[in-house]
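Each of the next two complexes has chain A plus one more chain, namely chain B in the first and chain C in the second.
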Partner chain A sequence: MELLISQSINGLSVSAMLFITALGLVIIFGLMDVVNMAHGEFIMIGAYVTYFVTTVFHAPFVVSMLMAFLATALLGALIELTLIRRLYGKVAETLLATFALSIILQQLVRMAFGPEDKFVGMPLEGRFNVGGIVIPHYNLFLIFVAVAILAVTLALFYKTPYGMQLRAVTKNRSMAQCLGVNTARIDTLTFACGSGLAGLAGALIAPVKSVMPSMGSYYIVDGFLTVVLGGFASIAGTAASSVVISESVTVMAGYMSEITAKVLVFLVIIVLIRFKPEGLFTTEKR
Partner chain B sequence: MRNTKWFTGLLVLVMAVSLLAGCGKAEKAPDAASAPAAAEGIKIGVLYSTTGPFSISEKPMLNAAKLAIDEINAAGGVKGKKLIPVFEDYASDPAKATEKIKKLILQDKVVATVGTNSSASRLAVIPDVERNKSVLVYNTYYEGEKPSPNVIYTNSVPSQQSADFIPWIVKNLGKKVFFVGSDYVFGVTSVKKAKAMLEKAGGQIVGEEFVPLGHTEFSSLINKIKQAKPDVIFSAVAGDSVVPFYKQYQQYGLSAKDMPICSIATHEATVKGIGAAAAAGHYSSFSYFQVVDTPESKKFVAAYNSKFADNTTVTNLAEGAYHGVYLLAKALEKAEKYDGPTLISAFKGLEVDSPQGKIKVDPTNNHTWLQSRIGKIKPDGMFEIVYSSNALVKPEL
Partner chain C sequence: MLKEVKTVGWDKTIDILLLLFLVSFPLMTSLFRVEMMSKCIIYIVFALSLDILWGKAGLMNLGQAMFFGLGGYVLALSYATRDGVPAFMSGFGVTEVPWFMQILHNTPVAVLLGMLIPGLVAGLLGYFIFTSKVKGVFFNIITLSLASLIELFFTNQQKYTGGANGISGLPPLTIGEEPLSVLEHYYVMLAVGLLVYLFCRWLTNSRFGMILRSVRENESRLQFLGFNPAAFKLSIFVISGMIAGLAGMMYIPIGSFVSPTNIGVGFSTAVLVWLAVGGRGNLTGAMIGAFLVTWLESLLSEHFENVWLLILGAAMLAVVMFFPKGLVGTLLDWQYCRRVDRQLGDVSCDDGLGLMDGELATAKGKV
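Let's look at the complex of A and B:
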């Protein structure tokens, strides 16, 4: 019983991490139809920004979260303006171009800062110990941040003029254009927002994961899986599917090998997608 | 139409950039292109990735190999001839390693090649090395399976890393051991060998778990470890999983004092990534640590650090590549002609004074007798050697 409770609580922080790392992907993939293979590299760049802010310049972790978001958002905007802009509507080509971009970014970081792991310290030491169940403070912080990010993103997309315009562009690009929406600006902002969220994710995972040039590749598969299961354009769906995937893997991993747990869950997802290809929590899309 | 053109232009640009990124190092590699004719020197291939994920281990190995070659040439070379390295980068792609080894052997006509690192890349080049009766000097610790008669293995096999480590653990840290490993050939084989040794040493196996290669989420594993209440964790967790494993181990409140991790894959470079606070108190077993106190080691570390300011760290792997080149030079000195079989037999029984101390190539199985050491990570993140073998440890497959 203790194991079950403890694994379920672990599952929540794993869910939070999965959601944070997948959110940028759902925005870019779901709302803009761009398969962003460089998403993992934005996470990586966010983690490197955190390394420089906290380890090299000894600034507080919160500053690094902000810096990681801004730096990657700026880079995202730049990449949207120079590269992605030319490829809208061509899903396969965005895939190729962003894949190339991911290799370039990875190798640039490797050449500039070396291939080895960088150290990012734990900003929140300490843990609660309730009857043998250990909950690190940082995990609670992650869950809190994930919920906050979810709320802010939903508010941004559903309560602001920008969000309304974005949803209009997503539903019907040419119609939105006819009605005077500056679609180019919306595109740039959205891509920057998605990239920035990836960078923020990099900052948040840096204290508990490895920070190295190839780290991004480990998050992209789980990220896409989450997005597909959650429904392509649904932010709330991504949150829900993060919890479903992580909870089931983590709880099962308490009783069998981690590998078996993952294989079983992935199998179930494949079957689910066969019968519900639009994802579990889809919003209507034309 | 305009878009298509744009895209083509872009694709060309992207390809050009990635080509530059991929080959820049190889093209700039010293001496390779402008080298004098083969008659004036002895060509050896150096096959390490400076691009792609494997470069984390292979960049330091390449550096160390370069350093050894430069030192040997500065001291007069081999039989009065200089070693001429031909550098190739296989971009962390085993399939590309196959292409590159063919190029090195058939086009550059190297007498031997130093390099490859992962088992996948080694196994990818072996068929061509064997077919062309060439020689590969392989300098990474590996699982000790499927050895090739055309390969000289200069780093340890699992039995060497565990032979002293396991009895020492049972004697000094406790009998109850939990085994963890990355789920691939090195991790699985190492755990298998270590378990057998633990039973021989009178220890008790209280658990065994494997995680996927590259796994970064250890909360479940840590829970299982806590349930099993071992004295010690024996870890063959390797690659990119090492740093998150130690970080999360500390995050969940497990301490090196109560339950130290005894690893056969955690070295100086990964300790930097883990951070001294989370790494301190844990143990690793290798034939070489940076802090080994031999004149050769001090010279090697100083020369490496002054020559390469590229954010890489001297580890057991770098030392392996360094002594691998020295062993090759000695074999070239001894061999009368440089065909594969003659060169391989020249290696047998060869001894060199390497940074880890004296080492010796086994006369029968192409592997190397090595030192055995156990290092404990100090609070400042450096290793402190707490055990050294008095005799060389036999490479038992």
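Let's look at the complex of A and C:
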């Protein structure tokens, strides 16, 4: 029983991480129908930025989060302007191009900083001990950040002029264009925003996991599963499905290997999708 | 009236030249290179398995290596467990070969299962994906996730799969008493490769192949005509999985090992790159792509291992941006346009004709 409780509390912080990882994917996909295969590499770059800011320059962790966001957002904007922009509407081509990009980015980082693992110190050392169940402070911090990001993203989408334009473009691109919305600028901003979120996810992952060039491919699969379960273009669905996936994997992982748990969850998702193709948490479109 | 445009494209010529080259290759070079080329032939078969799926039916499987790896692991386990419990199992306290591996003792059964198991996985996965209403990138994402999970799973199940090291020290093919030599292996692989090529050619030129093409081009119109696209997608997915499984089994006696790298995302990416570079939709492009890229890879990575991946990524990006039809596809289009130009005189031919890839040039024989 104790194992079950501690695993489900653990699961919450894992969900927080998964949510931040998947959010960028969903935002980019929902707006532009682009599956960004290089998303994992943006996470990896965010983690490396964190490594350099905290371990090499000894700046506080919060600064590194900000830097990771800005650096990857800039990189994302650059990539959108030079590459993705030319390939809109061609699904196979964007997949291949971002795939190629992920190979290049990974290899560049490997050549520049070496293949070995880097470690980032834990920014919050303390832990609570409630009746034999240990909760590190950092896990609570992760949950807090995830909720904050969810709130900020929803506010950005539903309370700002940018968000209104973005929703208009998502609904009907050509009509939005006719009404004078600068869709190209919205695309760039959104891609940058999604990439920045990936970088932020990398920064948050860095203290818990080791930082290495190939780390991105590990997170992108979980991100994809979340997107599939949550519906392709729904922020709330992403939040819900990341909790469902992480909780079930983490709780099951208390009793079997984590990989087996993941495979089981994956199989369940495939079967579910057969009967609920819109994703579990999306209301059916008319 | 316009005359019929000559329809024999350069792809057939390239196919025949490639076959002649492969047949005569052992006469020209050392045994080491012959062994490299045997692997190349296996990769060509693997590329063909994806081309009939992605190129013909438009289903871009991002995890094709899972079928390759499954086939490979089945045959590898059959060899490894033949003489009692192998070292990687006994190291974990397994004292007897588990029941589900005992059926593999019989090599013909193992070979059959090496194709049936990938086919079954493809069938189940395809059933749930294709009969569902989900569209578009879902297929890509699911196959990618599955390949990655299977890779992790096989690495994780050390007791049965040898973990990250895989299963090594596998024997070469034996016919009768003596194991085959490198040269004999090469020609066996070439023969199997040729059979697979002929099968793919026959399949894609048949009525079934035509319908697959229309699945790619316009699925809803196919439905209006009374066909069920899901059934066709499912069948080609299973066939493609089985051929990939066959390629995986062919790899065992040559490579003499199998490891999670043969089953995962990295290898799936590699085969995508071959097809993207060579051009998809006509079998020639897949073969040329697999041949060129793997041969270059083994030559270059002997000296510049780091730079190789960088070159690969850059080449892939360049092809996607500038030659979206791949090398062979671009060549065929150019040839077709030149023929049309010659007949029409001064009217120039460009993408406005709606040419999708080289294959359409042959399909639209009449202008």
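Quick notes
Just so we're on the same page, the second predicted complex is superposed on the first by the 280 of 286 C-alpha atoms of A that agree within 3 Å, B and C clash if a C-alpha of one lies under 4 Å from a C-alpha of the other, contacts with A are read in each partner's own complex, and residues count from 1 in each chain.
Following the convention adopted for this analysis, contacts are C-beta pairs under 8 Å (C-beta built on N, C-alpha and C of every residue); 3 or more make two chains touch, one makes a residue touch a chain.
In this text, all values refer to a predicted model and were calculated from it rather than measured experimentally.
Bringing the complexes onto one copy of chain A puts chain B in a clash with chain C. In the superposition on chain A, A:Ala100 makes contact with both chain B and chain C.
Once the two complexes are laid over each other on the shared chain, residue contacts for A:Val211 go to chain B alone; chain C is not touched.
Shared-chain residue A:Ser257: touches chain B and chain C both.
By the touch criterion defined above, A:Arg86 lies against chain B and chain C together after alignment on the C-alpha atoms of chain A. Shared-chain residue A:Ser6: touches chain B; no touch with chain C. Comparing chain B with chain C, more residues of chain A are touched by B.
Within the superposed three-chain model, A:Arg110 lies in touch with chain B and with chain C [touch as defined at top].
When the two complexes are overlaid on their common chain A, residue A:Asn182 makes contact with neither chain B nor chain C. By the touch criterion defined above, A:Ile270 lies against chain C but remains apart from chain B after alignment on the C-alpha atoms of chain A.
Note on the chain A alignment: of 6-14, 60-68 or 222-230, the part of chain B that runs into chain C is 6-14.
Shared contact residues of chain A with chain B and chain C: 83, 86-87, 90, 93, 96-97, 100-101, 103-104, 107-108, 110-111, 217, 257, 259, 262. Interface residues of chain B facing chain A in the complex, by the touch rule stated above, are 3, 6-7, 10-11, 14-15, 17-18, 21-22, 51-53, 55-56, 59, 183, 209-212, 214-217, 219-221, 223-224, 226-227, 240, 242-244, 247-248, 250-253, 269-270, 272-275, 277-278, 310-313.
By the touch criterion stated above, chain C contacts chain A in their complex at residues 60, 62, 125, 128-129, 131-134, 136-138, 140-142, 144-146, 148-150, 152-153, 155-156, 265, 269, 272-273, 276, 306, 309-310, 312-314, 316-317, 320-321, 324.
Listing the residues of chain A that touch chain C in their complex gives 29, 33, 35, 83, 86-87, 90-93, 95-97, 99-101, 103-104, 106-108, 110-111, 217, 221, 224-225, 227-228, 257, 259-260, 262-263, 266, 270-271, 273-275, 277. Residue ranges of chain A in contact with chain B, taken from their complex: 3, 6-7, 10, 13-14, 17, 83, 86-87, 90, 93, 96-97, 100-101, 103-104, 107-108, 110-111, 113-119, 121-122, 127, 129, 134, 136, 138-139, 207-215, 217-218, 250, 253-254, 257-259, 262.
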